[in-house]
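Chain IDs A, B, C, D and E follow the sequence of writing; residue 1 opens each chain.
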Amino acid sequence: MPSPRDHEVRDRVKEQESFDGQVVNCAEYADGHRVGDVSLPDVSEILGAERPSRFVWIGLLEPGEELLRQVQGEFRLHDLAIEDAHRAHQRPKLEEYGDAIFVVLRTAQRSEDGRIAFGETHLFVGPGYVVSVRHGASRPYVEVRQRCESAPHLLRKGPGFVLYAIMDFVVDNFFPIVDDLEEELEKLEEEIFSGNYRRETTENIYDLKRDLLALKRAVSPLMEICNRLTRFDSQLIDAESRPYFRDVYDHVIRINETVDNLRELLNGALEANLSLISVAQNEVTKRLASWAAILAVPTMVAGIYGMNFEFMPELKWAGGYPMAMGLMLGACATLYWRFKKSGWL
Amino acid sequence: MPSPRDHEVRDRVKEQESFDGQVVNCAEYADGHRVGDVSLPDVSEILGAERPSRFVWIGLLEPGEELLRQVQGEFRLHDLAIEDAHRAHQRPKLEEYGDAIFVVLRTAQRSEDGRIAFGETHLFVGPGYVVSVRHGASRPYVEVRQRCESAPHLLRKGPGFVLYAIMDFVVDNFFPIVDDLEEELEKLEEEIFSGNYRRETTENIYDLKRDLLALKRAVSPLMEICNRLTRFDSQLIDAESRPYFRDVYDHVIRINETVDNLRELLNGALEANLSLISVAQNEVTKRLASWAAILAVPTMVAGIYGMNFEFMPELKWAGGYPMAMGLMLGACATLYWRFKKSGWL
Amino acid sequence: MPSPRDHEVRDRVKEQESFDGQVVNCAEYADGHRVGDVSLPDVSEILGAERPSRFVWIGLLEPGEELLRQVQGEFRLHDLAIEDAHRAHQRPKLEEYGDAIFVVLRTAQRSEDGRIAFGETHLFVGPGYVVSVRHGASRPYVEVRQRCESAPHLLRKGPGFVLYAIMDFVVDNFFPIVDDLEEELEKLEEEIFSGNYRRETTENIYDLKRDLLALKRAVSPLMEICNRLTRFDSQLIDAESRPYFRDVYDHVIRINETVDNLRELLNGALEANLSLISVAQNEVTKRLASWAAILAVPTMVAGIYGMNFEFMPELKWAGGYPMAMGLMLGACATLYWRFKKSGWL
Amino acid sequence: MPSPRDHEVRDRVKEQESFDGQVVNCAEYADGHRVGDVSLPDVSEILGAERPSRFVWIGLLEPGEELLRQVQGEFRLHDLAIEDAHRAHQRPKLEEYGDAIFVVLRTAQRSEDGRIAFGETHLFVGPGYVVSVRHGASRPYVEVRQRCESAPHLLRKGPGFVLYAIMDFVVDNFFPIVDDLEEELEKLEEEIFSGNYRRETTENIYDLKRDLLALKRAVSPLMEICNRLTRFDSQLIDAESRPYFRDVYDHVIRINETVDNLRELLNGALEANLSLISVAQNEVTKRLASWAAILAVPTMVAGIYGMNFEFMPELKWAGGYPMAMGLMLGACATLYWRFKKSGWL
Amino acid sequence: MPSPRDHEVRDRVKEQESFDGQVVNCAEYADGHRVGDVSLPDVSEILGAERPSRFVWIGLLEPGEELLRQVQGEFRLHDLAIEDAHRAHQRPKLEEYGDAIFVVLRTAQRSEDGRIAFGETHLFVGPGYVVSVRHGASRPYVEVRQRCESAPHLLRKGPGFVLYAIMDFVVDNFFPIVDDLEEELEKLEEEIFSGNYRRETTENIYDLKRDLLALKRAVSPLMEICNRLTRFDSQLIDAESRPYFRDVYDHVIRINETVDNLRELLNGALEANLSLISVAQNEVTKRLASWAAILAVPTMVAGIYGMNFEFMPELKWAGGYPMAMGLMLGACATLYWRFKKSGWL
């Protein structure tokens, strides 16, 4: 009798192999301790046993449709949730399907060229299981798993705690990004107030605005998600776990506020930039006008003494030329001094 | 006894013919399967039979007043709803009339000249029937009907599911339009940051703004409609169907957010444009001032040596002319170098 | 015993005459049909009879204080409501006084100089009566009365239906005004994008903004009024009449949205205008700079050959003059070509 | 035994004298009629008698700390309320302390230099008493008292009605101020569209903005106060008095809306101003460019004929000079005509 | 048997010493009076005794992790709250953990360079204890303690009153800062309207904006905190204490409103600045144009009489030169007078 099962197992192992790289981790936990790895097809049996202190935690990385269908079968997930998980490009949300919940989070990473790359994590959390599906830019959740496994007294709380741990991890990863953007804004401020008006400044302002907008879109729906989780009335998240979600909520609010703050400051910076360009324009025009006047006066004087009238007594004087030159220099000096005094030069 | 009915049928067929093109489709469904086409005048009889698993699905295209009156009679629709359906130019809304609901949706299509053309779809959904009335720019719903007919296990849910299918279709048709507008914005960004300030850029920004505003008006009321449908407490939409409307709701929110995002980015782009024009203006003024100075200096020197004083020793020197030219060239070169260094040229 | 009453009646008739022009209409309705005209002093008797299917509908035009006091006495209206009706310059509102309601509406008409003129209509609606008081710019309600009288099956619903009919009339009169403003905006857009920057454009934008603001103030409070009326729990408006108020509500929302839309577009147009003026300024500066350079170069060359040095070999050459002219022309042509190429000219 | 009381009274009278000017009025009312003046120290006895139809109404003007302490003792007012009344610089608010309420209102007066001066009125209203404390710019409440005393049928309602009368008075005093600001805006509009861009215009816009902001701060909290008073469930304000507070509420909303309207129009005026300055700048630049070109052309021609080449045939011609002058004039005329035609001049 | 306890005490004293400077104060209060200092390790015993009229008030200054862990042990505080208190950089918030509450406040002080420095105060308030943890810029709470100790009738209310006293102190410290910022704005206004457009003005506007934004972030969450505390249903804050929190709430609203007001005024000032720069630019351009014209005319005339035509009769005239000079002067004077009249000079 063991033999047919053995065969089955072998088949499954084979099947499993074809999902190499897609299934990052698949383990069973009991009383907060890792019991061991399980193969995906055994999951439904484990779930069927209904041992409340046990749960399965599976981590998938950009799974194909076939794998998702298998996961759906094992956990009896809703069609629409699976469709969302496959398509990605969802907005952060929390949906309830019976006693299970489906959470979509956006993750973010600074790419090497300084822009922010976004990814998505989809979480299926139900009685006895957590399935995490990772797409795009995101740090792997192995770190979360290790941290959880090193605190069995917390992991014992079940899938709800895993949900918290992953959300906390995702949210905390936004902090360094926000810090980077704060630094960028500071650089922009320096650039703006240095009195050097370059096109790149405007372009950088626009890029920063775009990044902040994208960040806002990734973070702000988390507020409602966390808020709902802190008031969640289900066996998945017990009353004792709520302060943890409130803590995540608090972090989300802080990130959100910082982003809003940066946006307001950026708007202020943009206005300051425009206003300083206008001031600079004003100054340039004044200097232009001053020098035009200083050069125009001797040109006019020279023009006058270049006239060909026969009777121009000055032309005959021995001191005529020095006098004319003196006149020109004097006029220029007077103008220069007056423009200097009134701040035009 | 069959003969009088035969006559009746013939009369109706005749009547029906006059509505050619206006009645696109008129079929009866039982247990999710198409039973067959029905003629409009038979509808009231079918509805009267009250067989819960059966319903009639009629598709009309820009119907005239006469046809609408007949439909009203068959389904006992409310005067005000029929008036709305006839007049078109409604905003998207959901109204309840007894146990029936009246839904107005705005549809959109990209016309060939790149502008967005809007249409309207009015849906009357009640126990045992769905009537869809299509006006203006919209893709035909034959596709929806085919998709529904190929999934009888879902179509079995009744008129509520048909409502979902049409709304899903309408909403999903907004995605390619939003994508197009995103592309347009990207083109505009390139244009703006390329340093080429043309009137067309401003005009395109304004046109895009206008399109986004129109799109927003078409999409944003859908949020409340979907939200109400997900919480609807009637026999039309059973609890099992709600996740489907929640899914449509989710898509609507995504479109709405993308439109808001585009609008914010567009505002940013407009500001960037204005700021870059100011920077460019500044640069032009600086170059203008620089060249004016460079040309004014030799003109002044030439003017001086063009004076007609009898005693100007330089004029008699053999090296006077080269000296003057050297002076001019030197002054110009010095100025050029200084302007270059300070970034004015 | 009839004689004293006769006297009374005669006295009243006399009194009535002094209100000529102020009392436009005063009729009694039974079961939706006009029973006949009544004189104001008889109203309290009719109301006292408490025949539920009967009601009195009075139309006043800019009534004096004396007439209002009399109306107050007949219908037992609240002091504060009468004070409001007399003073006019109220904002649209709905107030309940016991089982009666007091509604203030703002009416609008396009005056001949193109500006919008506003008026006010005050409605006292209670069991068995409707009193409408019209001030300022407004179309007369005779039309509403005729329409109501031609539909006795609706008018039978009583004073609540009359309220609906007047509100519907008032709201529908806003549509042509909004359409006119839409046209005006289109004209402004054409003006802005035609590249002709006139002061009048800015003034027209400001005027349109002002009109839209005034319209908004007249229309937006109607939303809350209609909304409250659709949820009104009183004998004045029965459940069957609610869809009618919902219909008015819908129209109000449409007008309101269109006004908001126009305001947003107008803001966009204003920004576009400013941005285009900047672009134009830039272009003018560039052309100015180009032509200044083109003219300055030959002036400089001519200045050089106008110097009076004794030893300037070119001056002696036979081809000196053509050479100089060629030099000038060549320089000018080169500059012209370069400016043309770089889009400055 | 009457003697000690006599002494007491005498002492009190003395005490009272030291508050001269601070206690404006202190009277007892019964059934809506003024019974007579009372001295402050007798108040607690009157209140103790608990005669529901009687109440005391005291008016204070910028009272010192000592007087306030005495008032507090007589009426048993809360520490925090007295502190507020002493410090002034509160924002408008309504606070409940047991069965008494404490209301802070901001009053406004146009000062002679055209700016708005603000004052504060603090009202303590409890069963059997009204204490009004007036600070800063405000019209005296003697007028309110007279108006109330002339309508005993209303004053009979008790302290709640006095509260209404004072609030109505305060709110109605805002109307002329708002009217003045409306006029100021009109003057500004004229100034802006007259085409005369002065610094004072900008300064006036800013000052008006500042005034509107201050007015808004004084008026907008009144909305919530009135709203709460219309829904107040206490013996101080009976159901019959609520329409009166609703009336005040209505006035507050109107003032608030007008202020908002003015602010929006002012923003529009500011934008129009900026846009017109840009248009004017454009026009100035065009004219500058035109005249520069018109003057540069003859200068260049003159320069050419001022060259000293030996072989310049034109110089020898008898008609050379007129020809050159003709050339110059022709060029200038042509340019002038072209600039005129294209609207640059 | 006393000896081991003595040892224990000695050990604790030692331990305590290592926290020198971190534990600012640690005292026990009974019935509103200070009973005496307690050492931290004795606290749990005191709390265990459960004497309702007694409580411990501990003040910490930037405590290390070790001290916080000890405090956590003594008071049984939640992990997450202690983590927050250690990390600082929290936003103002109020969190409930069982029957204890955790409050985070932001404190502010004007630093010597004129910028605002922010600090944080974390308060753990539970039955029988108050722990305050101070970080960064803040005035010490010794003053609060003294004020509380001098009012035993209030301090008797317990930890809830201490919470109020500290919050009141923190909030009142914001007033002088807001006053400083108001003064700064006034200085900026003067600068702007003085007609002197310097870069520093723009930079100062931006800095003020930044400060206001930071202040807003520190103050605005206090509104919700105070609001919740006034409606708090726990034994910590009894009904009698609520008016005190309402008073703090009121102060917070006033600070918040003033900050909002300043921000609006600052925006207005920024706009005024931009508009005035434009006006100034316009004036500069006009003056530039005027002087350019005045200088260009004599230059042109001189150029004409510098032409070398043989037949120029004026050149031979004795009065030719004066005539030319007169022509030039006349033209200049005429131009000067016309520019002056039209306000260009």
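To be clear about the criterion, contacts are C-beta pairs under 8 Å (C-beta built on N, C-alpha and C of every residue); 3 or more make two chains touch, one makes a residue touch a chain.
Predicted model only: the values in this text are computed from it and were never measured.
Engineer: Among the other chains, which touch chain B and chain D together?
Structural biologist: Of all the chains present, those in contact with both chain B and chain D are C.
Engineer: Could you check if the interface between copies chain C and chain D is built from the same residues on both sides, meaning over half shared, or from different ones?
Structural biologist: different
Engineer: I'd like the Å distance between the centres of chain D and chain E, where a centre is the mean of that chain's Cα atoms.
Structural biologist: Computed from C-alpha means, the inter-chain centre distance equals 27 Å.
Engineer: I'd like to verify one number: the distance from the centre of chain B to the centre of chain E, where each centre is the average of its C-alpha atoms, in whole angstrom.
Structural biologist: 44
Engineer: What are the residue numbers in chain C that touch two or more other chains?
Structural biologist: 274, 278, 281, 285, 288, 292, 296, 299, 303, 306-308, 312
Engineer: Considering only which chains touch which, how would you classify the arrangement: line, ring, star, complete or other?
Structural biologist: Contact pattern: a closed ring, each chain touching exactly two others.
Engineer: Taking the contact definition as given, in what order do you meet the chains if you travel the ring from chain D through chain E?
Structural biologist: Result for the ring walk from chain D toward chain E: D, E, A, B, C.
Engineer: If we count contacts the way the header does, which residues on chain C are in touch with chain B in the complex?
Structural biologist: 189, 193, 195, 243-244, 246-247, 250, 253-254, 257, 261, 264-265, 268-269, 271-272, 274-276, 278-279, 281-282, 285-286, 288-289, 292-293, 296-297, 299-300, 303-304, 306-312
Engineer: For chain A, which residues count as touching chain B in their complex?
Structural biologist: Checking each residue of chain A against chain B gives 78, 80, 90-91, 93, 95, 97, 197-199, 202-203, 205-206, 209-210, 213, 217, 270, 273-274, 277-278, 280-281, 284-285, 287-288, 291-292, 295-296, 298-299, 302-303, 305-308, 312, 314-318, 320-321, 324-325, 328.
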